[in-house]
Amino acid sequence: MLFQVQMDVRLPHDMPAEQAESLKKTERERAQALMRNGQWRHLWRVAGRYANVSVFDVSGAEELHQILSTLPLFPFMQIEVTALCRHPSSIREDDR
Amino acid sequence: MLFQVQMDVRLPHDMPAEQAESLKKTERERAQALMRNGQWRHLWRVAGRYANVSVFDVSGAEELHQILSTLPLFPFMQIEVTALCRHPSSIREDDR
Amino acid sequence: MLFQVQMDVRLPHDMPAEQAESLKKTERERAQALMRNGQWRHLWRVAGRYANVSVFDVSGAEELHQILSTLPLFPFMQIEVTALCRHPSSIREDDR
Amino acid sequence: MLFQVQMDVRLPHDMPAEQAESLKKTERERAQALMRNGQWRHLWRVAGRYANVSVFDVSGAEELHQILSTLPLFPFMQIEVTALCRHPSSIREDDR
Amino acid sequence: MLFQVQMDVRLPHDMPAEQAESLKKTERERAQALMRNGQWRHLWRVAGRYANVSVFDVSGAEELHQILSTLPLFPFMQIEVTALCRHPSSIREDDR
Amino acid sequence: MLFQVQMDVRLPHDMPAEQAESLKKTERERAQALMRNGQWRHLWRVAGRYANVSVFDVSGAEELHQILSTLPLFPFMQIEVTALCRHPSSIREDDR
Amino acid sequence: MLFQVQMDVRLPHDMPAEQAESLKKTERERAQALMRNGQWRHLWRVAGRYANVSVFDVSGAEELHQILSTLPLFPFMQIEVTALCRHPSSIREDDR
Amino acid sequence: MLFQVQMDVRLPHDMPAEQAESLKKTERERAQALMRNGQWRHLWRVAGRYANVSVFDVSGAEELHQILSTLPLFPFMQIEVTALCRHPSSIREDDR
Amino acid sequence: MLFQVQMDVRLPHDMPAEQAESLKKTERERAQALMRNGQWRHLWRVAGRYANVSVFDVSGAEELHQILSTLPLFPFMQIEVTALCRHPSSIREDDR
Amino acid sequence: MLFQVQMDVRLPHDMPAEQAESLKKTERERAQALMRNGQWRHLWRVAGRYANVSVFDVSGAEELHQILSTLPLFPFMQIEVTALCRHPSSIREDDR
């Protein structure tokens, strides 16, 4: 099942640079692992903002929440979730 | 270049059923032609609403506008455009 | 899988009374059939508004959209969907 | 009488981890006691956010406020309350 | 139990004057009957707008909805309901 | 002249408990004095939130501002003011 | 007592031109009469919009509502009212 | 003096095609005349919407309003005006 | 040229009282100087809020920005600017 | 390709003055370099606010994001991006 997720990151201005770098590094590793196993299907940067638009392919809301809530940057993100389904006009096999 | 586009359709309640059907049929044919040639890369239905989330792969804003503004349902849609770019953490070749 | 759905109904002021009554009657029959088979798990009226708060128990977004988009009042409703999952503090067996 | 309540939790980034854990533990115990005695009838996690959707079954607004305002996380929550009533189409006995 | 209710009235511009007058007259009679029996406790006009702020004293959300949804102007009003309870600092006996 | 006033209180999380208690105590004494002399006519708690809905009976905006801006919690409140006037349908003598 | 009032006018697109002209002419005469007697103290056009920003000098909300609600364009205006009072830093005698 | 103006056009769905074409043609001629004489300095289409972003170079708000309020599409546009001034970091001579 | 300006002040809760007093005193002196020379034409307090509504009479946006951006409280204010022009119905000589 | 970008700057109140000055100085140098090479085509100050409206001329969203995300003030700015394209009515050669 597919979910569109938009994440806006807001790091506190007084977070030490090393802590921020460490968080981002762990976040990247986590994201790439999830992309490799197919759960984080798409990941795009929103131009001009510290934000991304993503599509997740998971078994349901439970699995989605388990993934999002354990991301290292989760406490610093504003997240919007939209449940998607196959569009009757789509001709692309994997847009389901 | 990639753009995320969200389209919400609002047909007037007094539009004759045949006109609505005809519009939707032409829209679908147009959408599928654009998907076949790669410009309309992704198309998903938003669950519970007469709306879709799409990703377009075009040469720029000019081509995007030419496509969207000539869709049969364009006069009846509220459209939001977000410019996307490659995310540094993405490992998917075509998420650019 | 559970979804919270809020539906706000707005009938056009010039809809003939019989048509409105007929729509509401069919909607009620449809809703009750869905409640009987367990897909429409909860249905409450929002006090003071022609609106409801509902919880659906479906296999996923696909089934939810199929249900909502074929409700007789669908063209006249503004709908908001929220994907739910089990809360770790819940002690109620069926709140999953 | 039923109220739908949505709670969004925002803990300050500089709250010590032990304090946060202690608050969450007390909150969970409190929530479960209220669920056991029937006042907190439903509790769901909103997928992707540190938030819940709940339904309370109380004698009125007085009792609801007494419960919510003494939750350990109350000072850190944004709360929205919606008064519900029985829907004429509902066939479920306890959706009142 | 007390509810604050704000009602904004929007009559369609093409409603015949007699129909509007008749609706307003019935609405006033209904409102005054409800004020006399104590259910519609306060009624104020919002300065500069076709809107009112009211306080209802009812047994619960069920009774409130029964009253509001049968007002003659209900189909033409946007309504917001806020559940109130006694304020610990109040010294006024009937502000409960 | 009557004004509806909604006050939402937001105390900083790092305010010492004694300071908060002291502020609330002074606020309560001030509110009760204003209720006794008739300027703060109604005071209700909004269910589920650290907020109140009030009605003030003052000579005009000048007196209202003098009252509100000297409340001990004023620096910590978000305040909305609505000018009220007598509703032509009201039968309650003092709803002016 | 002073009120700032912002009025946005939205005439229906199908209103006959003569009716619109007649309404505007009566509105202008009414406005000028109110300016001459001092109740409508200031009147400015918002650049680029069919809207105005005004300041009224009236005895209270009752008089303000009586004026605004009988303006010929009242049914076609969205109105926002802000109660003003003298600013302690003002040196202008009549800004009270 | 420079103003940024954003115009969103919403033609009624029941406007006859010839009327719409005629309006757009006159609008275009008017816009091009204003561009030629330097008052309408920049004009861009917003990608994916029937809207434009413009910059006007006029003597002040009076002249801006005279121009905008006499555009043929003015009754069908939602307009937002932002007053601009020279940015201290700008090195472009005519960005004043 | 006239601009309506609304300023909402938000001083940080941890600003020392002397610093706040000093800022306010300088702000007042600055405001009164600008009122004396006619640039700050009107200044009113918004009832119930630490905010003002003002009208400035300046040569253009450049002068307005120079004034506002050098106010002592500028870093602590949220400011909204609206360009005004003479209203065709105004009979007041200086409402231009 | 052109993008309209609006940037609102919000420096933390407790940032040392030298740090703020240093940031602004580097930002200005960076902006002027980008203006000189044509990527930052227009730059205007929004009257009355610490904000600017800009137009960028870049090869696409990738280049735009690379520019914006490396501005010294990027962590302190709220940014909105709008993709522009040539307007069919424009007569200005470089408004593409």
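For clarity, chains are labelled A, B, C, D, E, F, G, H, I and J in written order, and residue numbers in each chain start from 1.
The rule we apply is simple: a residue touches a chain if its C-beta (ideal position, glycine included) is under 8 Å from a C-beta of that chain, and two chains touch if they have at least 3 such contacts.
Given the structure is predicted, the values throughout are model-derived calculations rather than measurements.
Separation of subunit C from subunit F in touch steps, taking the shortest path, is 2.
Path length between subunit G and subunit J in the chain contact graph, taken as the least number of steps between touching chains: 2.
Although subunit B and subunit C carry the same sequence, what matters here is overlap: shared residue numbers make up under half of all numbers found at their interface. Chain centres here are means of the Cα atoms, and by that rule the chain farthest away from subunit E is J.
Interface repeat of A-B: among C-D, F-G or B-C, the matching pair is C-D, sharing over half of the residue-numbered contact pairs.
Computed centre separation for the pair subunit B/subunit E is 44 angstrom, with centres defined by C-alpha atoms.
Subunit I has its Cα centroid 39 Å from the Cα centroid of subunit E. With each centre defined as the average position of its C-alpha atoms, the distance from subunit B to subunit F rounds to 50 Å.
Within subunit G, contacts with two or more other chains are made by residues 2-3, 45, 47-48, 61-62, 64-65, 81, 83-86.
Interface note: chains touch in the pairs A-B, A-C, A-D, A-J, B-C, B-H, B-J, C-D, C-E, D-E, D-F, E-F, E-G, F-G, F-I, G-H, G-I, H-I, H-J, I-J.
The residues of subunit A lying in touch with subunit D in their complex are 3, 5, 12, 15, 61-62, 64-65, 68-69, 75-76, 79-81.
Contact residues of subunit F toward subunit G in the complex are 1-3, 60-62, 64-65, 81, 83-86.
Residue ranges on subunit J touching subunit H, taken from their complex, read 2, 4, 27-28, 31-32, 35-36, 41-48, 52-53, 55, 82-92, 95.
Across the interface of their complex, subunit H is touched by residues 11, 13, 45, 47-50 of subunit G.
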